[in-house]
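Shared between the two complexes below is chain A, which has chain B as its partner in the first and chain C in the second.
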Partner chain A sequence: MTQFNALMGGLFILTAFGIVGLRQIIGSLRLFVVQSVLLAGSAFIIGLVHGSIHLFVVAGIVLIVKAFFIPWLLYRVLSHELHARREIAQALDVPTSLLLAAGLTIIAYFIVNPLLNVVSDPFIRINLPVGMAGVLLGAYAIAVRREALPQLLGILTMENGAFFAGVSIAPDLPLLAELAAAFDVLVIALVVGLLTRRIQKQVGTTLVGEMARLKEE
Partner chain B sequence: MAEKIFFNLIQLLVVMVFSPLIKGIIDRLKEMIQSKRGPSVLQPYRDIWKLFNKDEVVSEQSSWIFRLAPYMCFITPMFVALLIPVLTDYPLFFAFMADMLGGGFILALGGFFATLAAVDTGNPYGPMGASRTRMVGFLAEPVFMIVFFTVSFVAGSTIPYIVQKVWVTPFANFFEPSHVLVMLAFLMLILAESGRIPVDNPSGHFELAMIDESKGLEYSGRGAALMKWGGCMKFFVLLCIFLNVLVTPWGLAGSGSLWEVLVAVPLILIKMFFFIVVLVIIESSLAKLRLYRITEFMGAAFITSVAALLLQLLEIQG
Partner chain C sequence: MELLVILLLPVFAAGLSIIPTKNWRFAAGATILGTAALFALSLRTAMGLDVSGQEKSLFLNHWLSCDGLSALILLLVSFVGFTASLFSWGYIAQAVSQGRTDRVRRYYRRFNLFLLSMLAVPLLSQVAMVWIAVELTTLLSVFLVGFENTPESLEAAWKYVVLTCMGAALALTGVLILYWGLSISGGGEFTWSWLRTAAPNIPPVFLTTAFLLFLVGFGAKAGLVPLHTWLPDAHSQAPSPVCALLSGVETTTALYVLLRFLPMFSGFPENPVPTWFLVFGLISVGVAAFLLIQVKDYKRLFAFSTIEHMGIILVAAGLGSGAGYLGAMYLITAHALTKSFCFFVAGATLLVTKTREISSVRGLIRLSPLAGSSLMIGGLAIAGAPPFAVFLGEFSIIRAGLAQGQYWVIGALTFFIGIAFCGILYQVNQMVFGKEPNPGTQPALPASCVATLILAAVPVVVLGLFVPEPLQGLLRLAALSLGR
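After this line comes the complex of A and B, so read on.
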């Protein structure tokens, strides 16, 4: 069981790297779906071992909201943006940003290392560093990408990372918190999606990195 | 002792005989996916046979390197075939001579001579293809290194016969995250090293877009046959390393009986067939990358292998 959880963790980090480094917007979105499925899988495995019904519900919520509802929403709101623009503008080129991302993963491990010395639960030992790496890589994706939708995916990756660490630390988190978080994410995705569409209508592009100041007509 | 030498020779023979078949099956499957009938799976044998019976034309401007290169390309995969587990899961007579790094160096020697020979001719496409091959090669090198570091770090050894046992005993080790990531990185490496589609188009006939093929353009007759056969064997050997050491180290002969060794031959071919189906699907569903995008593809492979090493170093394992 820990083996499968470790596999989920390894692939989770790989998808986070992909969200930082992939050139196509639609590919990043698909990777995000895969990442959410991995998160649900990890929650399911931990729930199975701890016998916690909460984590099954968490896995279900993650699957429905993140692997299905958010991508569907983004397809609906931004289908033109997803299909017409194939390449994402970046502040750094892809190999450089991937190397920095690998560095961030090591930093994530050293951040959580003092905590790992205290706990002995094998799931926490896997999920905490991986989740922390997810949070850092998501933040890094927001910094390095210059477009609205990939930045949104960065936020969602941060959120996924926090959940990935969370399911192992607190297997009995109140369901209310999980529900609130899930809806929070949904609202974020909706608002950013609509805002992006608005920006695109007004300015003709979603290269938010290029927008240095507000314009008045 | 004599038995081990005998098995080693069988192993070599299997590599020599069946490697064109693998290429034939790939070509046939690719055409079938494009809803054509495609050439017979035996076509590579016929090509090689025909080329052996033709006259060889050698340019007056070329030097001895041009004449030596086909033999190097033909011999180096045969040496590697002596070292790696093709049919047995215990080391055979010649296996003590080199580990996986040694095998990599021997394969690289053949590639080196092919590159030199391409520069040696006056053909303008030769040096172009040669320099591109070197570019892909030096981008692949770090991935190669990190994959080997990870593998030897996990297994405590770079001998392929030891590595293959570590990954599957107990079976749960197979799902170790670093193992899965190493498999992914090595798959991308195989695609790049053997010139398959996201990096290079092996069936393309447009010289300006060629990477790997343009090195052999000047050869005719026996030279061309040896280059072609050597290329098939190199691919076969790479597949053997990938499948028998990293992915599916099952179905190999465990004891010293001749019967088991003979049964291992169809088993390795079946394994290869399944892998080839995956390969053909990858090749048919992707487009060839632009030359400067290859950096990003190899960067992705590199980061995958580094992630495997990191997970191992940071003790994220089951």
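After this line comes the complex of A and C, so read on.
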């Protein structure tokens, strides 16, 4: 079981790297779906070991909201944008970007190391560093991507990372909080999606990195 | 029970704003009445607090509760909500073209929901729910920031939502680590009050890591440097009544969550919180003071002053001791009242002059005596000139710092405050008294805007001269809930 979970963790980091470096929007979105399935998988495995029905419910919520509702919603709101054939505009080129992302993964491990010294749970030792890496890689994707949807996927990756750590360190978080958090993620996707559509309509581009009218001259 | 009613009132008003009436005044009136009732109820809750400072769980134990600090924030949010809804009556009617009642209704629906999320932050006691409430304050106000639908306002809305959601995701990790620490130490309710009791049993490294994630995450929301870049954009592009809410109280609700960490660390020999507060606070004050000198847009001027004030409050909280906490509480109050007044003035100036550029506004006192004199009062008050409320707050903080022998901190703080003071007054002075190029016709201000300006000016002026006894008691209670 621990090995299965480690596999989930490894694949999770890979998807986060993909969110940072993939060249096409539709591919990034598919990767996000895979990432959410991995999160649900990890929750399921830990639930199985701890014998906790609670985590099964969490896995179910993640699957419904992140692997189904959010992609569906983005298809509804921004289908044209999703199928754009162009490359995603980036502030750095992809190899440099991936190198920096690798550095961030190592930093994530150092951040959580003092916490890991306190516990010996094998799941936490995998999930916490991986989750923290997901959070940092998501933040990095927001910084380096210059387009609207890839930045949204960065935010969602951060949340996924937080919950990847969360299913191991806080398996008995009140269900109401989990439900509210899932709802919250859905609202983020909806709000940012609608805002992107409006920006596209009013400004004529979704290159949000290029918007720089507001500054001190 | 009162607390639940407080949360239900904005929902009710938002529901009324959805009703498709021909006349926009229905939604506006419902909102004004709703916020007035809200303010009355909050006042009652705050005055009904126990003198001993005991936490009062009025309803739904472990979910809603109200101690001194919550009551203070609650009171400020509901007061600014009331004045902002009053100002909206005249402002939105002018900002939205005739016949677009659907847009006006949409504005009021969002306004009420935004208000709801801000009221929920101090009232909820479950930490996980507080996180969601803070996140919702962003999500429910994004379209208020982008309300004018110009490329600039959409850009501001985008930066706002992306940076604050990024911060919130970091804070979420903090929430989970805090919960983990609590369950290691034996579990219990995941509320602020229980965390304070259980903190000595939680390994310090958990508390510190969680605190740092919160500080960076919600610091972005409160406008602390270096994640402040969205703030001047969002706070300058939103419609003025919304700016009053954003700048006056929304930043404070994010800061409130950070302040809740103070009592948790009170029993620790090596307390990391004050140092971090002092460092982040001083950097924010300094950067804001120097950026403030070079602004070209008067709404951005006030936005940078918000960053400066958030920094000062954080420094005051970092100084610790009863006097420092009391100063922080006093400045939170003074900031919320004065900054919302400043943004009402900015809105009135915008209505009169139709421009946001400082260099195009000259001789406002002759163009519109009311807007001009209000701008002068607002500028003096927010810069921290005596005898206004902000001055008293800053003065008590400086005195608290000197009493503790923190000479370097206080020296730097006074220097930055001085720079910001000169920066604000130089610009405001030119706008009010400068030589106007062409004395054009003067459009009259809507009556509701005039009424708001007068109403909002009262506490700004009065609180600098004397603080009424009940408010003083509430401030002391709020300071006590941070620690001694």
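One rule holds in what follows: the second predicted complex is superposed on the first by the 212 of 217 C-alpha atoms of A that agree within 3 Å, B and C clash if a C-alpha of one lies under 4 Å from a C-alpha of the other, contacts with A are read in each partner's own complex, and residues count from 1 in each chain.
Going forward, a residue touches a chain if its C-beta (ideal position, glycine included) is under 8 Å from a C-beta of that chain, and two chains touch if they have at least 3 such contacts.
Since the model is a prediction, treat every value here as computed from it, not as a measurement.
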{"item": "Combined model on chain A: chain C and chain B, fit or clash", "value": "fit"}
{"item": "Partner chain(s) touched by A:177 [first = chain B, second = chain C, both, neither]", "value": "second"}
{"item": "Which superposed partner A:188 touches (first chain B, second chain C, both, neither)", "value": "second"}
{"item": "Partner chain(s) touched by A:106 [first = chain B, second = chain C, both, neither]", "value": "first"}
{"item": "Touching partner for A:2 - first (chain B), second (chain C), both, neither", "value": "first"}
{"item": "Partner touching more residues of chain A, whether chain B or chain C", "value": "C"}
{"item": "Shortest CA-CA distance in Å separating chain B from chain C in the superposed model", "value": "19"}
{"item": "Common ground on chain A, meaning residues reached by chain C in one complex and by chain B in the other", "value": "none"}
{"item": "Residues on chain B engaged by chain A in the complex (per definition of touch)", "value": "172-173, 175-178, 180-181, 184, 295-296, 299-300, 302-304, 306-308, 310-311, 314-318"}
{"item": "Residues of chain C that touch chain A when the two form their complex", "value": "126, 128-129, 132, 135-136, 139, 142-143, 146, 149-152, 154-159, 161-162, 165-166, 169-170, 172-173, 176-177, 179-180, 183-184, 190, 203, 205-206, 209, 232-233, 236-237, 291, 294-296, 300"}
{"item": "Interface residues, chain A side, partner chain C - complex", "value": "111-112, 114-115, 118-119, 131-132, 135, 138-139, 142, 148, 151, 154-155, 158-159, 161-163, 165-166, 169-170, 172-174, 176-177, 180-181, 184, 187-188, 191-192, 194-195, 198-199, 202-203, 208, 211-214, 216-217"}
{"item": "Residues on chain A engaged by chain B in the complex (per definition of touch)", "value": "1-7, 9-11, 13-14, 17-18, 21, 23, 94-95, 98-99, 101-102, 105-106, 109, 122, 125-126, 129-130"}
